[in-house]
Structures are given as structure tokens and as C-alpha cells.
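Shared between the two complexes below is chain A, which has chain B as its partner in the first and chain C in the second.
Let's look at the complex of A and B:
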């Protein structure tokens, strides 16, 4: 995959994304580029960015929007050659949260972020062979970073006793 | 899930030739709160599996319940070994959402403190690497010198290890107390003496144990997500301070040391050179430090964070640190993703380097990556 890369300049990147993918990239005040795309075309856009020289997958993240029934994926990509920071955003269905793994593009550096997000948000990354839990041990509850997981209630239930006079303040 | 201890596994080890399982950490004196499960055949490591999570505190979720000033204090704990640097990444994310212009003097103070934090972190690394190599003198020397830096941190921030969010949204919590400049200049002279001492030890200790060990090629470094000194030791001159400057870094003259070998020795030399570069940066910043007459912005104690999203990257001692912050106009951030260099260095990079290595080289490889379980687990 390395030989087909050709770093693209910021202007070319913006133009090509607009013409080929029909998206509207936004350049923020700090110079970073932001683009949203529907999940159907996400993989194609990510392939384009990798071939365009975004050789560093800085991070992958998920933002939970329960009211919209959606997870928003954000891919934070950096081009070492052109020194451009690009964030690609895409929303997927919260109930059937599946998306293609970015391992074919960025290798284990993407895989480890996906493994974390699978554990903490419950997103399924198709093609990632290693989605075993990363941080939590013996955890059988819901993915804890979802907005509808109330960790304060969980801690109270799991570690404090209602009716114990010394722990009453946690229940008041 | 029950964990099997190293000794039990040794006793019940597979004698059919698959080797033995050995745990390096999580209670190994040199491992930090982190372990790696090694499968060894004789002296050779044939498989390595990282075992993280012992320091997982759920910071990203905790921050969704707290205001930026509370989170500034929380950001200390992202890495015990370089808390001021993490202060800065978090503060910049909030600043950019607010569109706050930081007073110039506060920017200089931020850079000076962040660079001192980098030096201090590299000193710990030198000490722990020495300890891991069985060179206790290096450990003692390094931790002795580290205390001089901690004295200064205490003088300026009130905390030796945790500055309680000294570099906070809006600027810094308070100005340098009287006499700080002189103290920092004196400290830098001590740091130079320390480097000469390190150099005197290098050939007999670090070079003997680290040369040719744990070689990471540039292709692998990119594929595995290495950043910072680990990436630069494999030949790529990438440094966020130079490639996308923040604060006042674009006004400063400093070099980005690189080496080609990609081994544990190269990574060690890079960090020693970086201490010298940080000294250079701090001297320049002190020379140009705007006068105190410029008032510092009071920390923004409360108030809504304007709606928006930012991804802020900084170069910390270990590599690339970043915060993705999303606000929907509430007092607390809606989402705060923290990207630390060590998730990549401690899992994909470490596992890759350990396979095929000799058992005796594990500590050298492990500490040549200068890893910090706190910012990996978060």
C-alpha cells in the first residue's frame, strides 16, 4: 500500500473531496480540515486520504448521540509530508453499530483504537481480528462510555449499601 | 477472569515445546502498573501480549461531568511523569473552543513549564532505564537531579508532581513568583552538569546494553503508530512543536534530533539530546519573557463552553498527545477524547519489538520506549 501514495496539498485535498465525494470540507481557524461523510462512502474517503499522504492515524474516536440514535466516528489523520490535520466524521446507526476496520489502511495503529472503542462504546469494527477487551476486567455491563450508562448510579449500587447509616449520604 | 501468576504457569508450563508463559509486570519493579505476558522458548521470546488496564480511571467519561477548571486539575493525572504537559494540551483545547487569546507572558510561562516538564520526564526515563539495566548509580544520579526540578515546580505551582492544573484554560493559574527566573537559570546550569554526567556513563552502560537491541524500522514505526522520540530514533524528523507550532514555539530556535538506527540506544541518545534542546528553548523564552506589567487572564472558573469541536495536538516528552473536545454549549464538554502516545507505544510497538528478542533484553526494550501506563489506560 506504500507505493501508491502521493501526498496532496491542502487545496487539492479540499477540491478533490468536494468533486469526487460531494462533501463540504471546512477549514477551521486553527488550519485543521474537517469533513463529514455518510457511512456508505466513509471507507472510500478513508482510502483516498491514505493514498493522499495521510500516513499517520493520530486517533479514532466515537461520540455518542443517543437522541439521534447515532454514533459519530471521528478519524483524526495527519500528513507528515504536507503537515495537514484532517478529521473525517461519519455517523452510524446506534443500534447496529458496525463499520469497516481501518486496519487495511493504517495497520495496528488504527486497530488498537478500534479495540478500545469496541470495549467502551460497543462499536463493531468489521475485519478487526482483535477486539477482545482492553482495559476492563470481568465486565459484563453495557459499554460504559455510552451516554446512557450512568456510572454514578452504577458505583452506588455496586459499592455502597442502602440503609447503612455510614453510607447514607451517597443515597440521599 | 482469573489471572495466572508467573510461577504457577512456569510450574505447569507446556513441556511439549511451546515454551513457557512469563509475566513481566504488573508488579515488576520496573514495569509500572502494566504487564506484558511473554511466551519464551529458552531465552527467546516467541510471543508477547500486553496486559493494560490497571490504571484505567475513565478520565474521558469523568470529564463529561466536570467543568474545564475541574478538568484542568484532573488532566494532571493523565501522566504522573509529565503532568504539566498534559495540563497544556487540555487547556489549549478549551482555549480554542472559546477562541481565547492568551496573554503573551502566559504563553511564555506555559512553554517554559512544559519544557521543564519534558526535562523532568526525560530524567525519570534515564533513571528507570538505568535501574532496568542494573546500573543503580544512574538511577540515583537521575532522581537526585530530578528533585531540583521538582523544587522549582513546588515554588511555582505549589505541587511537586501534580501542579493542580497550573497551566489552565485562559492562561496560567498565577504568575511566576519573584525570583523564579533566576531559579530557572540556576537550574539549567545544574541540568547541563547532569547531561555531562550521563554522557560519561553512556558507553559503559547504555551503549553496552542497548546498541542493536529492539530495532524499529521507519515503516514499522509508522504502521504501529510510533510518535515522538521513538519515531525520531527511526529516522523521521517529526515534532508537533515544529510541524504545527502552538503557543510561541514558532518564534523559538531549536533542533529536532533524529537518528537512523531505530534501536534502544538511538532512542536513548535522542532523549538526552532533547534535554539539551529544551534547555535552549527555556533560555530563549526567559530572554524574551514579556515584563510582568502585562496582566494575566484570570482563569475561567465557570461559564459555558461555546459549541464546537477541536482536535489539539502537542508534543510531550513521550510523543504526540492530543485532545478531541466536542462542546454543545454546556458547562461541561460533551465529549473529551484523550490521545496519548503510550497506547501505541505500550501495545502495538512493544509487542512488535519483544517478539524475537532475548529475555534479558526485555527491560532495555521496555524502558527505551519510556512508557507511562497512566496515559495509556486513562
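Let's look at the complex of A and C:
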């Protein structure tokens, strides 16, 4: 894929996004480009950005929106040639949280972010070979960073004994 | 008369020697620091507080260690490693747990992935309270280890 790369300029990037993907990129005051895209066209957009010289995937993150039944994926991409910071956002269904892995594009540096998000939010990244939990080795609860995970109730059930006078304050 | 004094003196020295023989071994310590307890105990190893003047030496391997220092909270991942280290140590062995996190969870009392009472999982010989404990408290505990060594 490397020899097919051609760095795209900021104007070209904005224009192509509008014409080919039908999205409306927003340029922030500091020059950062923000764009939201639906999950069907996310992979195509990411392939386009990678071929357009966005060689550095700084971070992938997930925001939980339980009221909208959605997870919002955020990709922070950087182009060394054009010095453009691009933030791609996409919402996926919360119940069936699956999305294509970005490993074919950015390699293991994207893989480690996906591994973390799988551990903490339960998002399934199709094609990522290593989604083993990093910290929660023997975890039996739900993914802990989801907003509907009542961690206080979980801790009370898991660690404290009701009726023990020394631990009564945890139950009050 | 003279010979009696001599024998008494001999006996006193012999007792001293026996005592010394018990204490002749330095305490070899393995540090298992994986939280903020590390920050407080590193000066203790260094020249400012100098734990070596009390005959305590840091060792790199659990197989040579007499004392296991557990500083701060354990996650359930690190607990498995701590148990393994404990099993590798030769008898007799002492486990010192430092900080309020090991006693009650401390400020992580409602964290879903930290151990609340370490003595539920490992045989703790002595808890040193504090958040984090001052070196003086650790040295007092070390004095008690010497006592413990005599009993052992």
C-alpha cells in the first residue's frame, strides 16, 4: 500500500470528503479537521486517509452514549507531510458493537488501542487477532467503562459483607 | 575465685555469641512495589534513610529473600504474581504489607479491580499503616522483624 500513497493537501482532503463521502468536515480554530461519518462508510474513509498520507494513528477511543444506544468511535490521525490533524468520529450500535479493525492500515499501534477498548467497553474489532484483556484477567462482570455499569454496586457485592458491623458503612 | 569470674565471663560471651549467631544473618528483602508505596520506600533504600545500617539488604530474587515487602494496593493481576513470588521464597519467610491500601483498600475502597484486604489472599506477618508509611514506621517494623527472627 505504501507505494500508492500520495499526500493530500488540506483543501483536497476537505473537498474529497464532501464529494466522495458526502460528509461535512469542520475545521477548528487551531486547524484540526473534524469529521463525523456513518459506520458503513467508516472503513472506506479510513483507507482514503491512510492512502492520503495520514501515517500516524495517535489514538482510538470510544465514548459511551447509553441514551442514544450508541458507541462513538474516535480516530485521531496525523499527516507528517501536510501537518494536518484529522479527527474521524463514527457512531456504532451499542448492542452489536462491532467494527472493522484498523490493523491492516496502521498495524499494531492501532491494535493495542483496540485491545484496550475491547477490554473496557466490549467493542468487537473484526480482524484483530489479539483481543485478550490486559488488566482484567479473571474478570466476570460487564465491561467496566460502560456508563450503565454500576461499579459501586458491583464492588459492594464482590468485596463487602452485608451484616458485618465493620463494613456496614459501605451498605448504608 | 578468679576461675569463677573467668567462667562467668566465658558464659556471658557465649550467650552473646549465640545471640549474635541468631542475628548474624542480614535480612534479605524483596521489594514488590507496584503502586505509590514505591515513592516512599525508595528513599529508605537510598543513602538518606539507609536501611542497610539495620542489616537489611535488597535482593533481586525471591529465592534469596527472607522478607517480602508489598507496597500499596494489589490489582487482581498483580496479586497472582505476588502469590507466585511468595511461593518461590524459602522458609522461614515474612511478609510485610505497607500502606492503608493493603489493609482496607485505602482510597481504592470502591475500585472494582483492587484487593481490599490483602490478608485474605496472602499470609501477612505485619501491616504497616500510613498513606504512605513514613520510613520511621518501616524501621520500627524492621526492628520487630529482628524480634521475629529470634523467635524463628
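Everything below uses one rule, namely that the second predicted complex is superposed on the first by the 172 of 172 C-alpha atoms of A that agree within 3 Å, B and C clash if a C-alpha of one lies under 4 Å from a C-alpha of the other, contacts with A are read in each partner's own complex, and residues count from 1 in each chain.
Everything below uses one rule, namely that a contact is a pair of C-beta atoms (placed from the backbone, for glycine too) under 8 Å apart; a residue touches a chain by one contact, two chains touch by 3 or more.
Just so it is clear, the model here is predicted, and its values are computed rather than measured.
Peer 1: Putting chain B and chain C onto chain A via the overlay, clash or fit?
Peer 2: Verdict on chain A: chain B and chain C fit.
Peer 1: A:27 contacts which: chain B (first), chain C (second), both, neither?
Peer 2: Neither chain B nor chain C is touched by A:27.
Peer 1: Taking the C-alpha centre of chain A as the vertex, compute the angle to the C-alpha centres of chain B and chain C, in steps of 10 degrees.
Peer 2: 40
Peer 1: Which partner chains sit in contact with A:85 here, chain B, chain C, both or neither? Use first/second/both/neither.
Peer 2: In the superposition, A:85 touches chain B alone.
Peer 1: Let me test your reading of the model: by the given contact rule, A:158 touches which partner, first (chain B), second (chain C), both or neither?
Peer 2: second
Peer 1: Which of the two, chain B or chain C, is in touch with more residues of chain A?
Peer 2: Of the two chains, more chain A residues are contacted by B.
Peer 1: Looking at A:44, would you say it contacts chain B, chain C, both, or neither? Reply first, second, both or neither.
Peer 2: neither
Peer 1: I'd like to know which partner A:137 touches here: chain B for first, chain C for second, both or neither.
Peer 2: The answer is both, since A:137 touches chain B and chain C.
Peer 1: Can A:107 be said to touch chain B (first), chain C (second), both, or neither?
Peer 2: In the superposed model, A:107 contacts chain B only, not chain C.
Peer 1: How far apart, in whole Å, are the nearest Cα atoms of chain B and chain C in the superposition?
Peer 2: Nearest C-alpha pair, chain B versus chain C: 5 Å apart.
Peer 1: Go through chain A and flag every residue that touches chain B in one model and chain C in the other.
Peer 2: 135-138, 144, 151.
Peer 1: Taking the touch rule as given, give the residues of chain A at its contact with chain B in the complex, in rising order.
Peer 2: Residues 2, 28-32, 34, 55-59, 61, 63-64, 74, 76, 78, 80, 83, 85, 87, 106-109, 111-113, 116, 134-138, 144-145, 151.
Peer 1: Considering the complex alone, what residue numbers of chain B touch chain A?
Peer 2: Spelled out, the residues of chain B in touch with chain A are 1, 52-53, 56, 58, 60-61, 96, 99, 219, 222-225, 227, 236, 238, 243-244, 309-311, 313, 320, 322, 324, 326, 334-335, 337, 339, 343-344, 347-348, 352, 377.
Peer 1: Show which residues of chain C lie in contact with chain A when the two form their complex.
Peer 2: 75-77, 80, 105, 109-113, 116
Peer 1: Which chain A residues qualify as touching chain C in the complex?
Peer 2: Within the complex, chain A contacts chain C at residues 135-139, 141, 144, 151-152, 154-155, 158-160, 170.
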